[in-house]
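Next come two complexes, and both contain chain A; in the first it sits with chain B, in the second with chain C.
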Partner chain A sequence: MAGFFDRMLTLDRRWIFLFVFLSVAIPIIIPIGLPVTTTGSTRSAFEFIEALQEGDIVWISFDYGPSSAPENDPMAEAIMRQCALKKLRFVVDVLYPLGGLQLANNAIGKIAEEFPKLRYGVDYVNLGYKDGAAAVMRRLGEDIAGAFPTDVNGTPLAQIPMMQGLKSLRQVKLVFTAATGLIGEWWITQVHSQIGIPVIIGPTAVSAPKYYAFLNSGQLVGMLGGMKGAAEYEKLLRGRYPQMAKFYKTTRDFTATKGMDAQTVLHTIILMFILLGNYAYFRQRAKAARA
Partner chain B sequence: MAPPHIGIWIAAFLTLACFTFLYKDNPFFRFAESLFAGVSLGYYVGIVLNQTLMPNLFEPMGENFGLNWDLVVPGLLGVLLFMRYVTKFGWVSRYALAIYVTYYIGVEFTRKLHGEVMPQLGRLIRPITSLDPATLVSSVYIAGVLSVLVYFFFSKEQDAVTKRISRLGIYFLMISFGAAFGFTVMGRVALLIGRLNFLILDWIYPTLGI
Partner chain C sequence: MNFDFGRVALVLLFAIVPIGGIILGIRAPALRSRIPIMVGFLAGLVPIVSLYVPKNFISGPTGMSPRLDQWLIILAGFALLLGIVNVLQTSIRKITRREAGWPFAVVLLAGLFSTGSFGIHGAISGQGIGFLPDGSPTPFKYMADWFFLPLQSTIFSLLAFFMASAAFRAFRARNTEATILLVAAGLIMAGRVPLLELFALPFPGLQPAAAGASQFLGRTTEWIMDTPNGAAQSGIIIGAALGAASMAIRVILGIERGYLGLGKGE
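Up next is the complex of A and B:
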C-alpha cells in the first residue's frame, strides 16, 4: 500500500488524461441515465415561460460560438422547443461573431424539423447576425428594423407577417440569451436596466458564478448554468411535456442530460485523484517530519 | 446510416491532432494549432469586412454620400489607428485611441452604475424588519461585501480589528474562487464531452455503419 501512495506522487499525468478520456467516452457509448436534480434558478426560468400566453413573443439571442456549443446548444434548443409547445412566437438574433450564425441556423433547422407545423415568418423569425452587440441592443429598444433591416434571408422585415406589428424590443415578453463572454451581461445591464424586459440567461459554466449576483438582485428571471442547467431544463421539459421524451431518449443525438453522465463520472474520478494525491502528499510529509 | 463526408473526416483528424498534445508536443498538433489560428483570424477579418465595414461604412457612403458624409469621421478614426505602424506618424493613432477610450468609458460608466452597481447595492441594503431566513441571508451578504471591501482597502495600514475583518473577507473570496473553479472544471469538461460526442457519434459510428 505504501508503494501505491509513493507511486501516486510521481504518477505520469498522461495516466490521468487516459482516465479522463475513458470516463467521458464510456458514458457516451453506454449512457448510464444518472438522475438530474433541478435548482431554483432553472425552475423559475421554466415556470416564467410556462406562464406566458399563446402568441406572446420571446426574443432568443445566440450569443455564443462553437467553442461553447456543447453547453449552450442544448439550452437554446430546449427553450425553442418549449416556445413551440406553448405556441409562443420567437425571434432569433445572433450577436456573437465567430460561428454564432451557423449554430443558430442549425438549431432552428432542427426545431423546424421536429415541429413541422411551425411556420417561418408567422411563428418564428431568424434575423441573423449583426455586429456591435451593445449598440444593436440599444437600437432594438427603439426600432428593431433599424438594427435588422432584413431577416437572415434578406427579406425586409416589413414583408414578414410576424414582424409587421413588432417594432420595438419593448413589445417582447422575454429575452433569452444563450451566452458566452460579455454579451449575456449586456442584456441584463443594458436592456433589462433600461427597458425593463425580463431576461433569462443561459451562460457557460465558466461565467455562471458572476450571474448569481444578478439573479439575487432580481435582474434575472432565471438562469441555466452551463451543461447542468441545460440538463435540468431538459428534465423539466420532459416532465411537463411527456411527448418531448422522444427527443431526449435517442442514443444518437447529443443532449445535456447525456452529457451529465460523463460529467458525474469524470467529477468522481477527479475528486478521487484529488483525495488520493493529497493523502499521499500529507503522508509523505508526515513521514519526512518523523525522520 | 450514410458514411461521414470529407468535412467530418477533416474535423476528426484535426480534433485528434489537438489531442495528441496530451501525450507530447508533435508536428500534428503544431499543424492543427497553426491552422486554427490562421482560419480564425481569416474568418474574423471576413466577418469584420462583410458585416461591419461594408454595411455600416462603405455601402451607405457609396449609395448616398451626401446623406452619409458624417461616416467619414469614424472611417478616418479607424484608419488613424493603423498609423502606429508608421514610425514617423505613430503619435497620430493616439488621438483615435483617446476618442475610443473616452467613448467606452462613457458607455460603460452608465451601464455599470445603472445596470450593476445600483441594483445590486439595492439588493444588499434591505431593511431588517423581521428575523427570518431572508434576513440571515442578507446579513451574510452584508458581512461578505464589507469584509471583502476592507480586504481590498490598501490606503491605511490594517490594525487588529481590520485585520480580522479582512481575514473574514479572505474566506469569502476563497469560497467564491472555489465555486468559480468548480464551474470552470465543469465548463472545460463540457467541451471535452462535446468533442468526444462528435468523434463517437458523428465520425466513428457512421464510419462503422452503426
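Up next is the complex of A and C:
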C-alpha cells in the first residue's frame, strides 16, 4: 500500500488521461440518468420566459463557437424550444466570429424540423453574423436594419414580415445570449444598462462565476451556468411541457442532461485523484519530518 | 431642404480632418501625431456627450453617435482584413525561412485560402454558404461542418485532460491559502453535480438520504458562488471598469499615445 501512495506522487499523467477518457466516453455511450437539481438563477430565467405573452419577441444571440458548443448548444436549443411552445417569436443573430454562424444555422435547422409549423420570417428570423459585437449591439438599440440590412439569406429586412414592425431592440421583450468570453458581458453593459432590455445569459461554466455579480446587482434576470444550467433548463422544460419530456427521453441527439452524467463521473474521478494526491503528499511530508 | 448636421459634422470630423492632416503631415511631420490624437479625442467625446445632450444631431436615431456606431461596425470588418494580412505575413515568413513547424504554416494557408475562396465564391455566385437548391451542402458548409467545427471542438476538449492532470498535481494543501482554495474547489466540484446520487446508485435504500445531502451540498455551492464569489467578482469588475475608464480618458486627452505606433521622437 505504501508503494502505491509513493507511486501516486510520480504518477504518469497518461493514466489520468485514460481515466478522463473513460469517465467521459462510457456515460455518453451508456447514459446513467442521474437526477438534476435546479438552481434559482435558472428557474428565474425559465419563469421570466414563461410569463411572456404569445407573439412577444425574444432576441437570441449565438455568441459562442464549436469549442463550447456542448455547453451552449443545449441552452440555445432549449430556449428556442420554449419560444416555439409558448408561441413567442424569436430573432437570431451571431456575434462570435469563429464558427458561430454554422452552429446557429444547425440549431435553427434542428428546431425547424422539430416544430414544422414554425414559419420562417413570421415566427422566427435568422439575421446571420456581423463583426464588431459591441458596436453592433449599440446600433441594434437604435436601428436593427442599420446593423443587419439583410437576413442570413440576403433578403432585405423590409421584405420579411416579422421584421417590418421591428425596428429597434427596444421593442423586444428579452435578450438571451449563449456566450463564451466577453460578448455576453457586453449585452449587459451595452444593451441592458443603456436600453433597459432584460437579459438572460447562458455562459460556459468557466465564465459563469463572473456573472453572479451581475445577477446580484439585478442586471441579469437569470443565468444558465454551463452544462449544469442547460440540464436544469431541460428539466424545467420537461416538467412544464409533457411533449418535451417525451422528446428529451427519446432523442438520440446530444443533450445537456446526458452530458451531466459524463460531467458527474469526471468530477468524481478528478476529486478522487486530488484526494489521493493530497494523502500521498501528506504521507510523504510526515515521513520526511520523522526522518 | 433638411440639413443633416450630424452627418455633415461626422464627415468633417472623421474624413476631412484626417485627410487634411495626412496631406499637411507630409509637409509638417509635427502634425503626424496631432491629427490622430484629435480624431481620437473627437471619437471618444461624441458617445460621451450624446449621453448627456438629448439633441437630435448628436443622440437622435440618425445623430452623430448612432452613426459613429455604424462606422465602428464597418471598421471592425477592416480589422478582420488586417488579421488576415498579419497571418499571411507571419506564415509566409515562416515558410520561406524554413523555421520550426513551417509545414503547419502551409496547412494554415491552405485552410485560409480554400475556406476563404469557397466563402467568397458563395457570396459572388449567390448560392450562399448554407445549402444548395438540391439540399446538398455548399463547399463552404462542407468545410465548416466536417473540418473546422470538429477540429475546434477537438482542440478545446483536450483541455479536459490537461485540467484533470494539472488539478491532480497542483491542488495540494501546502499552506492555508491553498487549503481554502482546495476546500472551496472541492465543494464546488461536488456540489455542481449529483455526485452523492452516483455513489448511492448501487444502494437503493441510501438514495433518499443521498438526494437530501446532495441538495444541501448544492445550496452550499450556490452560497459560495453567490456570496463570497459574487462579492469578489463585483470588486474585480468595478476595479477593471475604473481602470478602463481612466485609460479611455488618457486616450481621449492624448496622454496615452501607444496606439499611434509612432516613434519616440514623434
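Keep this in mind: the second predicted complex is superposed on the first by the 288 of 291 C-alpha atoms of A that agree within 3 Å, B and C clash if a C-alpha of one lies under 4 Å from a C-alpha of the other, contacts with A are read in each partner's own complex, and residues count from 1 in each chain.
Here, a contact is a pair of C-beta atoms (placed from the backbone, for glycine too) under 8 Å apart; a residue touches a chain by one contact, two chains touch by 3 or more.
Predicted model only: the values in this text are computed from it and were never measured.
Taken together through their common chain A, the two structures put chain B and chain C in a clash. Once chain A of one complex is fitted onto chain A of the other, the partner contacts of A:Leu266 extend to both chain B and chain C. In the overlay built on the shared chain, the residue A:Ala213 is in contact with chain B and with chain C. By the touch criterion defined above, A:Thr204 lies against chain B but remains apart from chain C after alignment on the C-alpha atoms of chain A. After overlaying the two complexes on the shared chain, residue contacts for A:Asn153 are found with chain C alone; chain B is out of touch. Of the two partner chains, chain C is the only one that A:Asn278 touches; chain B does not reach it.
In the superposed model, A:Thr37 lies in contact with chain C only, and not with chain B.
Look at A:Lys228: by the touch rule set out above, it reaches both chain B and chain C. Looking at the shared chain after the overlay, A:Val20 reaches both chain B and chain C. With both structures placed on the common chain, the touch criterion links A:Phe5 to neither chain B nor chain C. Contact comparison for chain A: of chain B and chain C, C touches the greater number of residues.
Overlaid on A, the two complexes show chain B and chain C touching the same residues of chain A, namely 17, 20-21, 24, 67-70, 97-99, 130-132, 134, 205, 208-209, 213, 216-217, 226, 228, 263, 266-267, 270. Contact residues on chain A toward chain B in their complex (touch as defined above): 14, 17, 20-21, 24-25, 28-29, 67-71, 97-99, 129-132, 134, 186, 188-190, 192-194, 204-206, 208-209, 213-214, 216-219, 225-228, 252-254, 259, 262-263, 266-267, 270. Those residues of chain C that touch chain A in the complex are listed here as 61, 66, 69-70, 72-73, 75-77, 79-80, 126, 128-130, 141, 144-145, 148-150, 152-153, 155-156, 160-161, 163-165, 167-169, 171-173, 182, 186, 189-190, 192-195, 197-198, 201, 211, 214-215, 218, 222, 225-226, 229-230, 233-234, 236-237.
Taken together, the chain A residues at the contact with chain C in this complex read 11, 13, 16-17, 19-21, 24, 32, 34-37, 39-40, 65-70, 97-99, 101-103, 105-106, 130-132, 134-136, 138-139, 142-143, 146-147, 152-154, 205, 208-210, 212-213, 215-217, 226, 228, 260, 263-271, 273-274, 277-278, 281-282.
Put simply, chain B touches chain A in their complex at residues 22-23, 40, 43-44, 47-48, 51-52, 56, 107, 111-112, 114-116, 119-120, 122-123, 141, 176, 179-180, 183-194, 196-197, 200-201, 205.
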